[in-house]
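One chain, chain A, appears in both complexes that follow, with chain B as partner in the first and chain C in the second.
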Partner chain A sequence: MIFLLAVIGILFVASAFMPSYIIQGTVRMASPILLAGIGGLFSQLAGVLNIALEGLMIFSAFFSIVAAVSTGSLFWGIVIGVFSSVVLASLFASISLGLDANIFFAGLATNLFAAGFTVLLQTVLFQEKGIIHGTDLIKITEINIPIIKSIPILGTLVNGYNLFVYLSWFIAFLGYIVIYKTTFGLRLRSVGENPGAFRSIGLNPKKYQFIAILISGFTCGLAGASLSIPITAFARGMVNNRGWIGLVTIFVGGINPAGTVAASLLFGGAEETSYLLQVSSLNIPHHFIQTVPYVITLIAMVAYSIWKKSKTRIIKG
Partner chain B sequence: MSISFQTKVWNLAGEGQVYLGAFMGIVLGLQIPNWPPVIAVIAILVMGFIVGSVLGLLPAALRLRWGVNELITSYMASLIILPVVNYFLAGPMKMPGAGINTTGYVNKAFVFPKILPSCDLHLGFALALVLVLMTYYFLYRTATGYSLRIYGFNEEFARYGGIGEAKCVLVAMIASGGLCGLAGITSSLGVFHGRMVEFSTYSMGWNGIAVALIARNNPFGVIPAAFLFAYILTGANLSGLLADIPPEVAQVVSAVIYYLITAQALWRIKLS
Partner chain C sequence: MSIILMEGIVKTYQPNNVLANAGIDLELEEGKIHAIVGENGAGKTTLMKILYGEEQPDSGRIFIDNEKVNIPSPLVANRLGLGMVHQEFQLFPSLTTAQNIVLGAEPRKGGLFYDNKKADEIIKDISVKYSLQIEPKAIINRMTVGQKQRVEILKMLYRGARILILDEPTSVLVEQEIEALFKTLKKLADSGHTIVFITHKLGEVKTVSDIVFIMKSGRMVACRDTESVTKEDICSLMVGRRSEFFISKSPIQPGKVVLTVNNLRILEKGVKQPVLDAVTFQIRKGEIFGIAGVAGNGQADLVEALFGLRKISSGEISISGKIISGNNPKSIRACGVAYVPAERTARGSAGQACLWENIVVSNTARFKKRLFLDIPAIKLFCDDKVRSYAIKAENTSMKANTLSGGNLQKLVLSREFDGYPEFLIIEEPTRGLDVKSADFVYDRILDMRESGCAILIISSDLNEIISLSDFIGVMYRGEITIIFDNDQELSSYEIGEYMMGVRTGKVKN
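And now, the complex of A and B:
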């Protein structure tokens, strides 16, 4: 929670003297990472390290555009994209939980499958390996909130994003409520803590883990759609490891929703930096700019682990 | 890969290790064109092994020192390495006048000779067989290999038996990373005639995981498994040339292999 307040504080201060497009870019870039992170958080709490987030996002990014192009409606695109991601999540969950597959290999398999299968379908359906465009589709617009719009700093921070950004905040808030204020959330957390004890009171841990993975599928579905729907196009590699970064937000945020929000804003900032360097006049080779988000992710991951370790050492005395 | 998975240490940096191993090996090869071929080739191979193992050492050290999840750090390390190598291939190390991003050729004497004249089967294959034997000997006939297997089998038990976590994780990651690096440089010296081409070894790291899985982490099983997999890949590439099917179909096939092999319940049904 302190971490979240600190990051939001930094954003507030930064928006006072930085151009508003940088702040908005950060928040916008953070939203797919946040969605993936919240989904991954559910399965992490249930004791499942879900490395399939990336694949789930790829699936939805692809199918939402295909559906949007063939139905001509963005709404159905999003619905079908999210549905496809949930279907893939249930495949992943049935293989890893139902058939006792190693969760890491099943996760890697899901990522590989999604990456390969979407390109395969793209070639077969569209005879096109590059980009699918939905040129006839109307683009979704940015939402303007009447009163907040005119408040100086708050206006830049919370106004003028598309539907998905607001949805990601809502999902994060909803995630907090479900995890901490419902029976389901309590049970979910206890599955991760101690599956044996959970079984002894007559509940099935696998059932809760299955549901948690389906929730990951749902949020990653939204995350994937939020990448492809606003630009009404799908390109291979467009998810660009955001699922993995979403996975890292869970750990860097200390396995709770507020921390995940903060960490995703941090990585959103990293991606925005990478983007700004790319369009800037500085002559840095694009190969190095590509690595910026990963370097920051790696540093954040290590820094968090160091901090956590020193904290446990203090507690132990 | 077999080594690290037997120890249950996750090396997801295979992609980066293969790529960096191939690149640094060739860079070294370009610096020493006048050395006697045998010594030069050995130096190049050692270079490939070292850079691969250094890239494996980093996540291992982070895990041991601060408990950072090696699965994520190794994957991130790999993601950082790939574009950096590509930068050198596209810029400073690029062969002048080449249409693709590639380094120049190393001295022809360093290139692995072909075993069969009609196909690409080269000396690297013999090297791979020797390495399989060595890996088997290491895992099943030495004390260190035994510790690694015990550690992978049951971490707690290994600790009670006095087997150090540090040693197992380090050895596993160094060996696994180093062998990945060797894989990269071997393919550059063999298949690519002694140069390093951009994207040339992409997805080799992932395929290594699939092969280790098919072989159920047994070093000898790796040989037929690698052949099976190479067959699938060649088929996929051919189908890409002959029909409108992209080579990505191989990715789908390997994903299905991952699924089916790790789905242990399926095996149990068959046995009972």
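And now, the complex of A and C:
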């Protein structure tokens, strides 16, 4: 929670003297990472390291555009995109939980399958390996909130985003409620801590883990759609490791929703920085610039583990 | 009035056909406290696990309130009013007391939401009702062991347990906590609950139980009113008469001192009772020193200290005058020490590795050919070992985890006995082995003794200790409380009294 307040504080201060497009870009970039992170958090709490987030996002990014193009409706595009991701998640869950496959290999296979299968379908359906355009589709618009939009700093921070950005914050909040306030959330947190004890009180650990993975599927579905639907196009590689970074936010954030929100803002900022450097007139090779988010990931992970170590030392001492 | 009746319970464990329960009858009376005592491996825990539905008996019947029941799982046991507190607590460390207790049957509001307030109230109510003080909002991982145990008991009571099973409840507690637990148990019994607990400690049996059951090697040997028996009676029933199996040993010609342990102490942070305290003894060439004791009195810690697997707090260990305490296992091995651990699969061998790898793993230097291992030479060497130790295996390339217990033990011996070490540590030499393999192991140990090896044997089988050892030390609460010279006519009964802490006294060899 402190982490989240600090990051939001930084954003507030920054928005006072930085151009608003940088702040908005940060929040916008954070949103798909946040969605993936919150979904992954559910699995993590249930004791399942969900490394399939990336693949789930790829699936939805692809199918939401395909569905949108064929139905002519963005709404159905999103619904079907999310559905496809949930289906893939249930496949991953069945293999890893139902068939007791090694979760790491199952997740890796899911990612490779998603990446390969979407390219294959793209080639077969559209005779196109590069980009699918939904040229006829109307684009979703930015939402303007009356009154708030005219408040100086707050207006910059919370006004003028598309549906997905607001949705991602809502999902994060909803995630917090489900995890900490409901019976389901209580059980979810228990499974991850001690599956043996969970079984001993007559509950089925796998059932809860399965549901948690489906929730990952749902949020990654939204995350994937949030990449392709606003630009009404799908390009291979467009997910660009955001699923993996979402996975990192879970741990950098200390395995709780507030921390995940904060960490995804941090990485959103990193991506925005990398983007700005690319379009800037500075003559930095783009290969270096593209590494910025990953360098920040690395630094964040190291910082987190140092912090965690010192914390456990304090508890022990 | 009898509330539970178990009849003719038989349970064998595969793959070694260990008979854990050989036709046991048990009757529990409502509102009474029952103690089950017996040596390690007597089958106490197995019997309780069967009652709680964690294990299924091969045959036998269980009645609750004179009605025949089938208990396929702990969940069904809960429904029938049974609750069990395990040695290892089944709790969720980062959740609160209240959450731990109500989980699975949570109070809700609006169908979906967890009702925190109500849960806390419920816990307060039952903790008052059974006068088990507990703070509903306290987080489990900040609690003492005694408090955690209280949470476990409350959890069972919340689930409506009328019959409470506790597996060695006092083994993890300090003195004051034990007193508090006994008060609780008495109070629960007064309010009509039936209690049954497993213990090693005869003092506890006398203080708290109404009825005592005594088990030995998978059989129920006695059931008495606690008032009508003395600690000594229970002890002799538990240990039994000295059995007839006999090992012919040549008389020893004591050589020079090999192992010297001087005032060895191990303290653990935050625990007042030392793990090992003032342990002092010597073993000479060609001598077998056996350590008897109820498991958990420091024997395993002593072995780990001797082999460099555990840091000692003070004292000295030396081999033939050379101090080895503080060294790592590798350099201790280099001093001529070998170790046959109790856990053959976890510590004694690598299950996924093949036989020849297991045999030469500690001795690879001998088979080096420049950078590589001389595999043909190794295989020749190992074929010979397999033959001379009568290990039943098709070839030395099969994996170690395909061997049966007896053959695996022979495999470990073949490695550890190789090159005639100066000092041998053997834990549980024949546990889980059939008679033929056990005889083979005894023969080999005696061979080593005759070749001049100093041997330390730790076993939970007292007969084994008495038959093999030249000297016997008894460990109780981290101390060697007495050392017997095994020349005299020594009774297992007498040793048993020291094992149980009924008698203490210091003797030096």
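The working rule: the second predicted complex is superposed on the first by the 317 of 317 C-alpha atoms of A that agree within 3 Å, B and C clash if a C-alpha of one lies under 4 Å from a C-alpha of the other, contacts with A are read in each partner's own complex, and residues count from 1 in each chain.
Methods note: a residue touches a chain if its C-beta (ideal position, glycine included) is under 8 Å from a C-beta of that chain, and two chains touch if they have at least 3 such contacts.
Quantities reported herein were computed from a predicted structural model and do not represent experimental measurements.
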{"item": "Chain C versus chain B on the shared chain A, clash or fit after superposition", "value": "fit"}
{"item": "Partner chain(s) touched by A:T297 [first = chain B, second = chain C, both, neither]", "value": "first"}
{"item": "Which of chain B and chain C A:F218 touches, first, second, both or neither", "value": "neither"}
{"item": "Partner chain(s) touched by A:A197 [first = chain B, second = chain C, both, neither]", "value": "second"}
{"item": "Partner touching more residues of chain A, whether chain B or chain C", "value": "B"}
{"item": "Touched partner set for A:F62, first chain B, second chain C, both or neither", "value": "neither"}
{"item": "Which of chain B and chain C A:L186 touches, first, second, both or neither", "value": "second"}
{"item": "First (chain B), second (chain C), both or neither touched by A:F3", "value": "neither"}
{"item": "Partner chain(s) touched by A:F234 [first = chain B, second = chain C, both, neither]", "value": "neither"}
{"item": "Superposed model, angle subtended at chain A by chain C and chain B (C-alpha, nearest 10 degrees)", "value": "70"}
{"item": "Shortest CA-CA distance between chain B and chain C [superposed frame, angstrom]", "value": "5"}
{"item": "Chain A-touching residues of chain B, taken from the complex the two chains share", "value": "10, 12, 62, 66-69, 71-73, 75-77, 79-80, 83-84, 86-87, 90-91, 206, 209, 213, 244-246, 248-252, 254-256, 258-259, 261-266"}
{"item": "Chain C residues within the chain A interface of the complex", "value": "74-75, 78, 90-95, 99, 103-104, 106, 108, 112-114"}
{"item": "Complex interface listing, chain A residues touching chain B", "value": "49, 51, 95, 98-102, 104-106, 108-110, 112-113, 115-117, 119-120, 123-124, 127, 129, 241, 244, 247-248, 251, 285, 287-288, 290-291, 294-295, 297-298, 301-302, 305-306, 308-309"}
{"item": "In the complex, chain A residues that touch chain C", "value": "181-187, 189-190, 193-194, 196-197, 200-203"}
